[in-house]
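Consider the two complexes below, in which subunit A is the common component and subunit B and subunit C are the respective partners.
Moving on, here comes the complex of A and B:
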C-alpha cells in the first residue's frame, strides 16, 4: 500500500483510476435505460448547511445555467434526488441533514461540497462540527476546495451523472440501507438519545 | 373508438410535455440562458415513475392524483381534435360544451381532496389559493361560453367549430374572446395568475407532499390538461383545425402568447387576481354578451 505522502496519494489515485479495480457495468438493457433517465433528471433539495450554500444559487443563474443538465431545485425532500451538504456541518445542522436525507425517496444521492465535508477543512479542531461526513451519511461525490467555484460544482454533477449512468460505483443509499448499523452508531455517538428514530420506531409511533 | 381515444390521450401526452419543454426553453431564453432539452419534462416524469413512494396518508391522498388524471382525460375526450374529421373525436358526439366546462372543475377538486388528507400547510395553502382563484377564472370563461352558445344556438363544440367557416369567433366576437383569453391565461397557471404553486411563497404548493409515482401522475395530468385547454380555446375561438399541422400551429401560437405574458408579468396576490379577474375580463365578456 502506498504511503501517505504526496507521491503516495498520487499512487493511490492511479490505483483508483485503474479500470481493473473499478466496478464493471454488467447491467441489463432495462437497468441501463433506468439509470440513463435517473442521470438525466436530477432534483436538488434546496437546503444549505454552511458557507458553501452561497455557491449553489449561481449555478441556476444565466451565467452557469445548470438546468441544461436537467438539474433543478425543489423545495421538498419528497421529490428530491440530490442532497448537497455545502460546507461545514455543525452537530445541530447534521441532525436536520439526516432527517432531510431520510425523508428523501430512493434513489437518492449526496454531494459533499467543500473540504469541510472531507476532513473538517478549516474547522478541523472545532468542538461542534463534524469532520468526516462519510461517517454519518453515504457521500456519492466529493467536491474539494474552500470554497469550490460553481464550475467545480457543475463538474461534480457531471461526474455524478456519469457514475450513475455507467454504474461506476455502488450508490450511497444502498450502502446506507445495508450498513445502517454503522451510520447509526456514529450518529448516536454525537446525539446520544436524541438520534432520529429508526424506521421501526417511527412505525411503532404511527400505530399508537 | 377505443383506439381513437387512446390516440387522443397519447397525442395530448406528447404535445403537453413538448410544450412544457418549450415553456422551459423559451423562459430560459428570456432569462438569457440556454435551458434544458425539449424532452426534459418527459425525462423528469419517467424518472419520477421509477422512484419509490415513501409517505402514506391513506387512500384519499392516493386517490387525489388519480381523480385529477381522470378529470384531465375525460375533459380531453369530450373535445374533438379536428374540424369535420371522423378521427380523433373521442366521445365528443356524446357530450357538449356544458359537460366540458363541468369536467374542467374535476381537476382542482381531485387536487383538493388529495391535499386535504395530507395536512401539509403549504399544500393546503396552495389549494385554498387555487380554489379561490378558480372563482375568478370561471366567471369570464362561462360568460364567454354562454355567449358562444347563444350565438350558435347550440352547445355542441363541433357545431360551434364548423360555424366559424366565414370568420373566427375571435374576430366576430372579440370581446368574448378577450374575456375568455385572460381567463385562459389563468387556467394555464402561468404568471400573473400563478398563485397556486408560487415558489417563493408556498414552496411547491399543492405538490409539496406528492412524491414518486403520484407526483409523476400529477405532472402527466397537468401536461394532458393544458393541451386540452389549448384545444378547447382553438376549437371555440380559432375555428378548430383541418389537420394536425394546423392544430399544432394554432395551439402553439396560443401557448406562446401565454408563455410570453407569463414571463413578462409579475405575480398577482390571490386577492388581486380574483379582483382583477372579476372586474376586467368579466366586465369585457359581459359587454361582449350584450352584443351577441
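Moving on, here comes the complex of A and C:
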C-alpha cells in the first residue's frame, strides 16, 4: 500500500476501521469484560505543554463535568492511564513528557490535543518544537483544532473509549514496547544520547 | 526625579511616560547604580535585545520602572555582535540573573560575573544561538524535521487576503 501519500493514509485508516481486520473477533469474554471496565475508568494525567491546556479546566469542572464518563484527573504519572499532551511540545518539554509516559503503568494511552501535536500547527517553522508527536510517543487519539473546543476533547474521549472497549486497533503502549527502537531512534535524533534511560536500563536491577 | 536625571544625562522623552537614555557599555554599571540611587526608577523590568545585523551591533535596552509603576526609562547600550560581552547587573538587580541567562542563550551574549549562563529553555542546543539573525530557522527546521503529508497544500494566503480586503474596501467605498 502506498503509505506515503494522502490516499495511502486514508486507505490505512479504512483498514483500521474495518470490522473484519479488527482484533475484536479474537477477544475472549474475560478480555471483553476487562476492556469494558477499562473504558469506563480513565485516569488522566493532563500535561499542559501548550496553550491547548486552557481547555482542560472546563472539562474537569462543572461546566462539562467529564467525570460522568468515568474520566478523572490524577496527580502523578504512576496513577494515570491516559496522558494528554495538550499542544506544542518544545524539546525540553518533550523530554519530560516521555519521562512521564514511561513512568505510567500499562495499559496506557496518549491523546494528542491540538494541531501542534499533529503537524506542528502554527509552530511548524519553529526551531524548538517537534512537528509530529507520534514519532516520539505512540498516540492513540489525535484531536485537531487550534485550540479544540472542550466538546471536541469529549468526543475524543468517547472515541478512545470505543476503541478500548472494542479493541479496534492495537493500543499504543504495545507498539511502544514492541517498536521501542523506532521511538528511541527518533528521540535520540533530537536529544542526542542525553535522553531518558532505555527500557533495559529502567528494568535493570528489578530482578535482583 | 526625572528632572534630576535630566540635569546629568541626555534623556530623551520618547512618549509622555517613556524616557530614553543612550550610554556607552563601559559606563553601564556606574550609570545604572547612580540612576537607582538618585531616582525612583528602582525596578529592572526587562532587558530587551535587538539584533542590528546591518550595523554589526546588538542594542540592549534595560527597561527600568518607577516604584509607582507609572514611568519607564530605557537605558540603551550598543555592543559589537562579535565580541559581545557586558558586565552583569546581579549586584544591582537580582532579577537580572534570569534575564541575562535568557539573553546568553538566545543571542550568545556573555555577562561577566553571572555564573548561571548554562542551558535554560533550550536543552542540548548545539547550533548558533537561535535569535541571532544569521540563524536560518527555516533551513534548520527543514533539516531536522519532516512534515506530515497534507501540510503541502497549506498555501501562502497573504496575497489572497490582501486582494479580498481591497475588494471589500472598494465595494464599501462604492456604496
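Operating definition for what follows: the second predicted complex is superposed on the first by the 175 of 208 C-alpha atoms of A that agree within 3 Å, B and C clash if a C-alpha of one lies under 4 Å from a C-alpha of the other, contacts with A are read in each partner's own complex, and residues count from 1 in each chain.
Here, a contact is a pair of C-beta atoms (placed from the backbone, for glycine too) under 8 Å apart; a residue touches a chain by one contact, two chains touch by 3 or more.
As the structure is a computational prediction, the values presented were derived from the model and not from experiment.
*Asks:* With both complexes superposed on chain A, which partner does A:68 reach: first (subunit B), second (subunit C), both or neither?
*Replies:* first
*Asks:* Contacts for A:107 in the overlay, against subunit B (first) and subunit C (second): which applies, first, second, both or neither?
*Replies:* first
*Asks:* Between subunit B (first) and subunit C (second), which does A:170 come into contact with in this model arrangement: first, second, both, or neither?
*Replies:* neither
*Asks:* Could you look at A:132 and tell me whether it touches subunit B, subunit C, both or neither (first, second, both, neither)?
*Replies:* Touch partner of A:132: subunit C, not subunit B.
*Asks:* Please identify the positions on subunit A that touch both subunit B and subunit C, taking each partner from its own complex.
*Replies:* After superposing on chain A, no subunit A residue contacts both subunit B and subunit C.
*Asks:* For subunit C, which residues are in contact with subunit A within the complex?
*Replies:* 121-124, 127, 130, 135, 137-138, 140-141, 144-151
*Asks:* Quick one: in the complex, what on subunit A touches subunit B?
*Replies:* 34, 37-38, 40-41, 43, 61-62, 65, 67-70, 74-76, 78-79, 81, 103, 105-107
*Asks:* In their shared complex, at which residues does subunit A touch subunit C?
*Replies:* Those in contact with subunit C are residues 4-6, 9, 90-92, 95, 118-120, 124-128, 130-132, 189-192, 194.
*Asks:* Subunit A touches which residues of subunit B in the complex?
*Replies:* 24, 28, 31-37, 40, 43-44, 46-48, 50-55, 199, 203-204, 207-212, 215
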